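Order of writing sets the chain letters: A, B, C, D and E. Residues in each chain are counted from 1.
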Amino acid sequence: ADRVNFAMPSIGMLYLPVYVAEQMGYFADADIDANLQVFKAGGGTSMAAVLGGDMDVYIGSTSAALRAASQDTNAVIIGALMTQYASNVVMRGEFAKEKGLTESSTVEERLAALEGALIGVTGAGSGTHQLALYMLNEAGLDPERDATVVFVGGGSEILAAFSRDRIDAFTLSNPTSDTAIAQYNGFLLFNTAAGQLPALDGHLYISVNTRQQWIDENPEVAKRMMSAIQRAQVAMHDPAQTEAIRDKVYEAYFPKVEKSLFDQAWTAVLPAYPTSPHISREQMERVVTFLDTFSERKLDGLDIDAAYTNDMLEPATN
Amino acid sequence: MTKHPDQAMTQSDNVTSPLIAFRNVGKQFIVKGEPLQAVHGIDLDVYEGEILTLVGPSGCGKSTLLNMAAGLFAPTEGEVFYRGSQVQPYNPAVGYMTQSDHLLPWRDVIGNIAIPLEIKGLSKSEISRRVEELMETVGLGGFGKSYPNQLSGGMRKRCALARLLAYDPETLLMDEPFAALDALLRMRMQIEIRDLCRRLNKTVMFVTHDLDEAVAIGDRCAVFTGRPGSIERIVDVPLAPDRNILHLRKDPDYRAITADLWEVLAPSIEQEL
Amino acid sequence: MESLTKTRIWTYRVAFLAFVLISWELASGRIASEFFISRPSAIAEQFFAWVMSGTIFYHGAITLLQAVGGFLLGSVIGMCFGVWLGRAQLVAEVLDPFIMMFYSLPKVALAPLFVLWFGIGIDMKIYLTATIVFFLVFLNTYTGVRAVSREQVAILRLMGATERHVLFKVVLPSAITWVFTGLRLSVPYALIGSIVGELIASNRGLGYLLANSAGQFDTTGVFAALIGIMIMAFFLNATVKLLEIKSMPWRETNSSREMSI
Amino acid sequence: MESLTKTRIWTYRVAFLAFVLISWELASGRIASEFFISRPSAIAEQFFAWVMSGTIFYHGAITLLQAVGGFLLGSVIGMCFGVWLGRAQLVAEVLDPFIMMFYSLPKVALAPLFVLWFGIGIDMKIYLTATIVFFLVFLNTYTGVRAVSREQVAILRLMGATERHVLFKVVLPSAITWVFTGLRLSVPYALIGSIVGELIASNRGLGYLLANSAGQFDTTGVFAALIGIMIMAFFLNATVKLLEIKSMPWRETNSSREMSI
Amino acid sequence: MTKHPDQAMTQSDNVTSPLIAFRNVGKQFIVKGEPLQAVHGIDLDVYEGEILTLVGPSGCGKSTLLNMAAGLFAPTEGEVFYRGSQVQPYNPAVGYMTQSDHLLPWRDVIGNIAIPLEIKGLSKSEISRRVEELMETVGLGGFGKSYPNQLSGGMRKRCALARLLAYDPETLLMDEPFAALDALLRMRMQIEIRDLCRRLNKTVMFVTHDLDEAVAIGDRCAVFTGRPGSIERIVDVPLAPDRNILHLRKDPDYRAITADLWEVLAPSIEQEL
């Protein structure tokens, strides 16, 4: 079997197809020996490991790959893993009530409610941070003056801060959002995984990234890997299999999470996954535009066409 | 002379009862797990107002005896009494000028001499006045700002002596205090000490290797035998209490006692002669 | 002559710095991609831009406040504990393994608890920093107090010194080299603590600047923030050193005096 | 009597530990939610399960390997540098600010560079740990060497001693307390370094176990992993202490002997 | 006696040229920024095979002179020569027994005495044989495993003396080596040193405060005046080189010289008599 080293920023609901392919034996079927490594140090470090040659594939945010690609490295995106901005936005129940929000409030009302809120995100420059900035921007609020964005670290820190009312809202994926809602009286402001923010519907959030050299040297392995991932994406959406797969992934990766919470999260996050890793140029352009909206450093030097390829996918799905 | 209240007149405090009493005292150290008997069977009385000198071979336990009188450690046999009560750790009635000077290296001469005065809580100006005086007494005038490592060996000793005098205790334990001083200075210091004791009724235990000194300064002299140390003889010095140390060298009595001591201490050499 | 060696030292320092910077500039893009190591000229430019806009001062001030606050808190408590346990042997023996074990915990793993108890404000970062500094100062102070000459203590005791006298006249002066080594060890860790605290939760400070740049994969920004941290470290270190010299006048005499034996 | 105080110390330790654990157990669910502080009984259960399944040994062994490897590497280099710079005053003066500044950099910020240069294997974690340990050992050794009595060195020089003789017969023996304090300071940081290295990138080791539990909001697992780290710290610390006593026989004599002045 | 090759016979090495020569030597220390003249205008020759004793008031610069002969520091005025060439830092031809013992606290008596032998690179068995011998010589037999802080003051001195003898240098600088020894032991050591010098043609500079000792042991005696130290007079000791120190005390010549020295050193006291 060919060994493929996956660098992943954390263990979470954002990388399910990889877990599925691993647990369901899709990788094995494709004659791939998958080695999953956690890089808590973040996307930059993961990308560094891939570019340095220690790791082969970085499963993570598209923005990390794009940044690298725009700075003279041969980073390349070879497939879409998740095509929704699956960081949900949860607000303190009290705060939401004060702002007069209900289940039926419109997107505009919800956005406007962010005024004056203390919004917790994981880290500076992270996907959750960008989402917060995006929402404030959409709401016509100045992120410096009309609200405060705080970097609170990982899920535990965010929950700790949220439980003590130290932040008013946060953006983070399942199951943190589910926990906050269930245990700490949170109000689900936006279910982005379900595409509730129209402008971000279909956003290429998580992708399969590698270095050009690797696919040049191992085109066959890359193709087999991508087909296994695609197989996983398809299987997850198959109503006949999805529950069995869910339980298997739960057993292997999330045994400590409350089962009902996990099931809920699975259902919530499923729509965020496409059934094909195919990437369109329009998707790429949207990501670039999105990033350029907030960052001081623009992605000027980026050659979009060189930064991604669908060549590793089976032609049939194109 | 200030008496420490907790020490004063506890019991049968008449003229003949000794100030310091060693009763069948022995001390055993443990060196690398093996016992080492430093002194044994010491019976010794030191009376108020007298100067008792201790002479004996190197390593016979003279310093050990002073340490016990100061309460640094207890004897392993027998008992040591001070004014009738057993000596407890850190006997505050005694001042101790140790064999090594143990000056504080981070304080200059003034600072070192000032320590006991600071502990007593004197005022700044009072302290500096006293220190100045003491520096003159021991001949360190002008060296107040030198640190111990900038002094000569003899000057360090004098600094320690000044510190002892600054403490001004009831009883002085002095372990070879004048060993590093030149003959002239040494004689001056001997006079100073005798004078001090007579004037202020201090009691002194004084260790020396110089038999002339032992006789010149002492009212009595305890002679030790070698290891394990014990007292061979206690020699009375029949010189006048107000003797003039300057003139002693030509005093026949003085010479006789010194020669006598020599014989007690170094019979082997005397035989060879 | 004094100032001559000073100039010489500074010349060497500048030469060394120049050597490092030039090698870096040359290596960048050749030996390693600029994406990872940036280049000194770009970093200088970025840093200068931050200086002009005041960004660096705004963020630096907060980090400095936290670092100094945590440093003071941690080192004062560390010293007190060090002195106390240094004098109380039994308590020290009993507590020693717990202190060591507590200190082996990666603070990052305790982040949720810190957030839970101290929130996400400046105080949390100060406590975090203090926690880190405490240990370094404590262990050095403790060792220093244990190393005090028992003879000197005994001499003072014989003069009727109280525990307070012994402490201030013997123990502290003779342990001071140890204490200051602990303090100097702590300077870098105070900054690291402050920055790690900012990485846990904040929206300002050099740690934020760092994370923000890192989040945007802006290596130049990362290094510019690190330069800010290093400059701060330099000045904090110089301050502690100055304090050290001032507190130990006899040391200076010691090293500049001629030795006689 | 020796062993009597030993038992006494252990009794107190156990009592202290019991007190902490019972307060924790009681606080859990009352003062703070179990979600954040778990409870000792649950942690013990989890830890025991890991012991039975061997999980803790598998992950612990790797963390230990890295910690010990990094500790040895860092401390050996730290000692050598400390001794060298301690004897070469000018070089020390020149390099001092750079060393301090380098050490104020949060290692986490340098993670990408570490990964780039040393990969993500065990060696990267060893280097990271060594980097952290180096500084603590270096600064203490350096101070220790600087504090060596010039008089004793001069005495040996007069006997025709070479630099090597001076080093092994005077400098090292008299700096050894300092060196060991540096080593004891480093033990916790060796573990922390190893674990931070695992947090940067890994799929095994206690750091992974920690991250894995944290990722699942399994506070019990986090604490059980921390317990593993603490136990390791305890034994490493005990080892260094033992070594310290063995290397300084005269110290023992010093503290157990009766003092005469 | 091994001669260090780099020292041997550099120039006019005839009998009358001195081994150590001080030429108009002065030394100024800086204390708290202020200059302190320790010695000045010292002209002194030390010839091979002789024992030169130095006496003088405490703090007059005797130790300073020895330090300069050992090359610890250079004089601020004048020059110090050893075998015709200027003394460089750490003169390896001399052995120095300093005023403070400077024993290594982490080595026991055996270990301390062994240091110079280890430096010379002798074999283990040879070292332990020599050490055993030396311990007997200085009377430390049985104390080999004691650490310095477990020794009495005099025993520490003896340990330092044994270390010096182990080094076995061409020239011995001894700073009050016998100050802490009792009279008997002291005399034995004096005999030992004189014997050593006569047998092996060693040269010795010997500082002491004991005028009797200075005369008993010395071939010549240099008398210093007080600060800033300078040489007042160099007194020849007209006693036989193979004198018997045991018998000296009754030798009239000896007494005359001692009395003479007293007068040089302490005219003030003599006046008072």
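Just so it is clear, contacts are C-beta pairs under 8 Å (C-beta built on N, C-alpha and C of every residue); 3 or more make two chains touch, one makes a residue touch a chain.
Just so you know, these numbers come straight off a predicted model, no measurement behind them.
Student: Which neighbours does chain B have in common with chain D?
Tutor: C, E
Student: Counting one step per pair of touching chains, how few steps separate chain D from chain E?
Tutor: Minimum number of steps from chain D to chain E: 1.
Student: Using mean Cα positions as chain centres, tell me which chain lies farthest from chain B.
Tutor: Result for the farthest chain: A.
Student: If you count the C-beta pairs in contact for each pair of chains, which pair comes out on top?
Tutor: More C-beta pairs are in contact between C-D than between any other chains.
Student: Which chain has its C-alpha centre farthest away from the C-alpha centre of chain E?
Tutor: Comparing chain centres, A lies farthest from chain E.
Student: Degrees of rotation, nearest 5, to put the Cα trace of chain C on chain D?
Tutor: That pair's rotation angle lands at 180 degrees.
Student: Could you tell me the distance, in whole angstrom, between the mean C-alpha positions of chain A and chain B?
Tutor: 85
Student: Can you check how far apart chain A and chain C are, centre to centre, with Cα atoms defining each centre and the answer in Å?
Tutor: Whole-Å distance between the two chain centres: 38.
Student: What is the distance in Å between the mean C-alpha positions of chain C and chain D?
Tutor: So the centroids are 18 Å from each other.
Student: Go ahead and note the Å separation of the Cα centroids belonging to chain B and chain C.
Tutor: 50
Student: Counting only residues that touch at least 2 other chains, which ones in chain D make the list?
Tutor: 36, 108, 112-113, 116, 151, 154-155, 199, 214, 219, 253, 257, 259, 261
Student: Send over the residues of chain A in touch with two or more other chains.
Tutor: 42, 44, 47-48, 51, 154, 156, 159-160, 163
Student: Residues of chain B that touch two or more other chains: which are they?
Tutor: 29, 32, 63, 72, 96, 98-100, 102, 150 - these are the residues of chain B that touch more than one other chain.
Student: Which chains are in touch, pair by pair?
Tutor: Between chains, contact exists in these pairs: A-C, A-D, B-C, B-D, B-E, C-D, C-E, D-E.
Student: Flag every residue of chain B that touches chain E in the complex, lowest number first.
Tutor: By the definition above, chain B touches chain E via 29, 31-32, 55-59, 61, 63, 99-100, 139, 145-146, 150-155, 158, 175-176, 179-187, 209-211, 246-247, 250, 262, 265-266, 268-269, 272-273.
Student: Given the complex with chain C, which residues does chain E contribute to the contact?
Tutor: 29-30, 32, 63-64, 67, 72-73, 96, 98-100, 102
Student: What residues of chain E sit close enough to touch chain D in their complex?
Tutor: The touching residues are 70, 72, 89-92, 94-96, 98, 100, 102, 104-108, 115-116, 118-120, 147, 149-150, 167.
Student: Can you list the residues on chain D that touch chain A in the complex?
Tutor: Result: residues 33, 35-36, 108, 111-113, 115-116, 119-121, 199-203, 208, 211-221 of chain D touch chain A.
Student: Using the touch definition up top, name the residues of chain D that touch chain E in the complex.
Tutor: Residues in contact with chain E: 151-152, 154-162, 165, 169-170, 173-174, 248, 250, 253-254, 257, 259.
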